[in-house]
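Report on one structure; see the data block that follows.
Order of writing sets the labels: A, B, C, D, E and F. Residues in every chain begin at 1.
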Amino acid sequence: MSSESKFTHLTPDGRPVMVDVSAKPTTNRVAIAQSLVRMQSSTRDAIVHQAIRKGDVLSIAQLAGIMAAKKTSDLIPLCHHVPLHHVSLELNFVDEVEQRDEAVLSIQAKVETAYQTGVEMEALTACSVAALTVYDMCKALDRGMVIEQVRLMYKAGGKSGVFQAIPTS
Amino acid sequence: MSSESKFTHLTPDGRPVMVDVSAKPTTNRVAIAQSLVRMQSSTRDAIVHQAIRKGDVLSIAQLAGIMAAKKTSDLIPLCHHVPLHHVSLELNFVDEVEQRDEAVLSIQAKVETAYQTGVEMEALTACSVAALTVYDMCKALDRGMVIEQVRLMYKAGGKSGVFQAIPTS
Amino acid sequence: MSSESKFTHLTPDGRPVMVDVSAKPTTNRVAIAQSLVRMQSSTRDAIVHQAIRKGDVLSIAQLAGIMAAKKTSDLIPLCHHVPLHHVSLELNFVDEVEQRDEAVLSIQAKVETAYQTGVEMEALTACSVAALTVYDMCKALDRGMVIEQVRLMYKAGGKSGVFQAIPTS
Amino acid sequence: MSSESKFTHLTPDGRPVMVDVSAKPTTNRVAIAQSLVRMQSSTRDAIVHQAIRKGDVLSIAQLAGIMAAKKTSDLIPLCHHVPLHHVSLELNFVDEVEQRDEAVLSIQAKVETAYQTGVEMEALTACSVAALTVYDMCKALDRGMVIEQVRLMYKAGGKSGVFQAIPTS
Amino acid sequence: MSSESKFTHLTPDGRPVMVDVSAKPTTNRVAIAQSLVRMQSSTRDAIVHQAIRKGDVLSIAQLAGIMAAKKTSDLIPLCHHVPLHHVSLELNFVDEVEQRDEAVLSIQAKVETAYQTGVEMEALTACSVAALTVYDMCKALDRGMVIEQVRLMYKAGGKSGVFQAIPTS
Amino acid sequence: MSSESKFTHLTPDGRPVMVDVSAKPTTNRVAIAQSLVRMQSSTRDAIVHQAIRKGDVLSIAQLAGIMAAKKTSDLIPLCHHVPLHHVSLELNFVDEVEQRDEAVLSIQAKVETAYQTGVEMEALTACSVAALTVYDMCKALDRGMVIEQVRLMYKAGGKSGVFQAIPTS
């Protein structure tokens, strides 16, 4: 079997296509993705202090993530437009961080649909854009923030079945 | 000085705003950002083998990154719409990777403008969406790929001057 | 029962979510909304005189309303993308207006679908954008125009059943 | 002078055009618009109770308004795309309302630019979409909410000079 | 029968509507469209020479066509948003051209869905935007390129059944 | 000189880029493009008969063309977002057609700006989308309509100066 055929978005002769999902059954599908934002602990303190008031950084990032999930097919060239049944994001600071003066924000997105293709890209896009929004809102404080570990954590539904990310030690 | 005032996108009482850039001078601005995609070495081999043919994974990701840079203000809630003068992306596999069976794709985006606000978010968005596009095109091969180290590498222009990321050891 | 639980778009702890519609049945749904544009009677005369020619204000506003209905989920953060089966708008000047030198344009939008959630927001968005388009096209004549009474008139389908607006006396 | 020529967006023979602004000077421009949302007082109570927690109705509406201002030229057919320098919204409940069991939310948007055409439509669009977002988030509680008095309050800059809305008694 | 009733997108009194497809059954639908780009043979040579390297003109045009198919309902005012199951484009230089110093690029798009309305417009939009992208990328070489013969070649599914274009002699 | 360097949107090694326009001066620029729609004469009669009423095919196509010009940079991957100063379209039936039972609709778009790059793509996109809209609205009458001769007629401004299409005999 040649390597080209492994790419579902490329024809055997290497042309990009939007994969034909006509023959795939409509099934319930869920995907959970994650991203992390590593920042200075002083930046975390500023976010947390702000977050007790309305209009805080985290809820703006959350909303940006939800709205971005709806735009996934507009951003990722060969993605189908999937009607989303549910999108939610959770943003929490991680307690244990190896570096004293650093803090890590964890972003987790869950997306659900009943369709002929999955919603992994929607969950990953939501996590990426939420993290970028945190960066945008805090960049005047901390331009060295890093978005890390953007990855699929779990998916279910569809022919390829369940995927569960291997925990990083 | 209270912490709220550090957030340029929030008013002192915590309301989100699109920052007033009226008084800022138009200056030449450049931003360079990066993202990495960690994958199985067999996935890299498939991409590289494919890449000698037209329509390959890397050039589709490159184009997706350029197009995403133009949509940044539509994705990041409080971002200004900045007219971009130049956008380019480079995607290369990194030679030295600590794990034998892993490979790392490096994505670097450069964005330039002459405007009253910078283009860091455009460069970061280009890198994120290019990485997500690689994930989308290879996910049938390798659902465990991880997008890492999305970060600003360099920026120049504007009041805050030059920023240069500290190299990670 | 706490007040938070009344907001379908917020979780019990106040985070925004795109409501899960997975368990809702697909039913035929219709929504009718309205908006009014109050203007000087001389502005109405100019519109009416123009309207006997092609390319008039009212048909441009009508088209803008239809196109806006399709963009509702892009504008309203927690709205689902609903595939619309039918959109139509009617724009008519209201005969009886209390003020001699004033005129009132009535805009009514009807939207239909068969889906797991309703199309109230699509009908309201169509009416709002059509009214804004009238404002845009006539603002050089009459900057004091006011958009009034943007409201849902009727909806049917879905668990909450039929809603009929109470007529304003 | 024929009435057609009064419509800046229509040619003398009635065809729609995007007005030529080439000859207009770039000047600082500001526009302030308003909308009101009339609701049951119990709906106001639910919003206010919620608003002490993060992710509340008003801050989501605020953000939706800011993002909508950036999409104005995509919604209003003959509007120019104007680079916005500043967008802010304020949402407050009005104290004095004539009806005991009713409450009124006031939304005010301010938009600024330095360009060859004004930002009235951006301010009005921000107010309309913020009000629609409040409707969307509260509609399960109160489907009879009405958006009222969407209007331009003030504008300055450009050939037509300052406009100030006449206060409604 | 009056001529107005022939236009499915206009009501009997001439108002534009998004046609009601509620009563139409969901059937498998396919549409194939074509466009041609006539250019100087030296432009073809430059494209072909470039095309052996990654990132070439033809694969960028191909991707632009696929992405445009997804945006059809945003471009064509009265088009429904149709969930696309499959989109592919083929771009080939035509061997036989009547003029010695000219070359003709043929673009063919195939779009499939299972929905209540067809995908002719999606296929035609993909062909048009792919051709425009070729123009954009080659215009510095050959500003006199002409896009020709944008037409529906074939469609199947739906009440009106199969359409097959009559070959041009 | 190698052929790659002729493509302004590709780097010497064939990667796509959004061309750097930083060093280009801002000049007044105008572009005029054209498209033709060939149809049955009975289709022309239906359009013309309809066109004496409001909401006709031609004014909807005109508006679609104007709105599409504003979306050009979203459709054409390597196009800059250019702030448009003026967009207008003219749609007219051509008197002389070689075939008795055929009619030809001529669409002409004019776009103006003062910027660092031209507006040829905006004018061509406007003509293409206006023609596609005519197709969409008339396709139930005449599925064999053909869009022809989409081409740049004239451009001025910028380093490459004036371009004037050679008339087709």
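We take it that a residue touches a chain if its C-beta (ideal position, glycine included) is under 8 Å from a C-beta of that chain, and two chains touch if they have at least 3 such contacts.
Bear in mind that the values here come from a model prediction, so they are computed numbers and not experimental data.
Visitor: Which chains are shared contacts of chain C and chain D?
Guide: Both chain C and chain D are touched by A, F, going by the contact rule given at the top.
Visitor: Counting only C-alpha atoms to place each centre, which chain is farthest from chain C?
Guide: B
Visitor: Weigh D-F against E-F on C-beta contact pairs and write down the one with more.
Guide: E-F
Visitor: How many angstrom lie between the centres of chain A and chain D, each centre taken as the mean Cα position?
Guide: Measuring from centre to centre gives 32 Å for this pair.
Visitor: Can you list the chain B residues in contact with two or more other chains?
Guide: Answer for chain B, listing residues that touch two or more other chains: 15-16, 54-56, 59-60, 62-63, 67, 71, 74, 77-78, 81, 83.
Visitor: Quick one: label the inter-chain contact graph as line, ring, star, complete or other.
Guide: Basically it's none of the tidy shapes, so other.
Visitor: What are the touching chain pairs in this one?
Guide: In this structure, the chains touch in these pairs: A-B, A-C, A-D, A-E, B-D, B-E, B-F, C-D, C-E, C-F, D-F, E-F.
Visitor: How about chain C: which of its residues touch chain A in the complex?
Guide: 11, 15-22, 73-74, 77-78, 80-83, 116
Visitor: Please name which positions on chain E make contact with chain B in the complex.
Guide: Contacts found on chain E: 51-52, 54-56, 58-60, 62-63, 67.
Visitor: Could you pull out which chain A residues touch chain C in their complex?
Guide: Against chain C, chain A makes touches at 28, 59, 62-63, 66-67, 69-71, 81, 83-90, 112, 114.
Visitor: Mind pulling up the chain B residues that touch chain A in the complex?
Guide: Within the complex, chain B contacts chain A at residues 3-4, 6-10, 13-16, 35, 45-46, 49-50, 53-57, 60, 63-64, 67-68, 71, 74-79, 120-121, 124-125, 128-129, 131-133, 135-141, 143-152, 155, 160, 163, 165-166.
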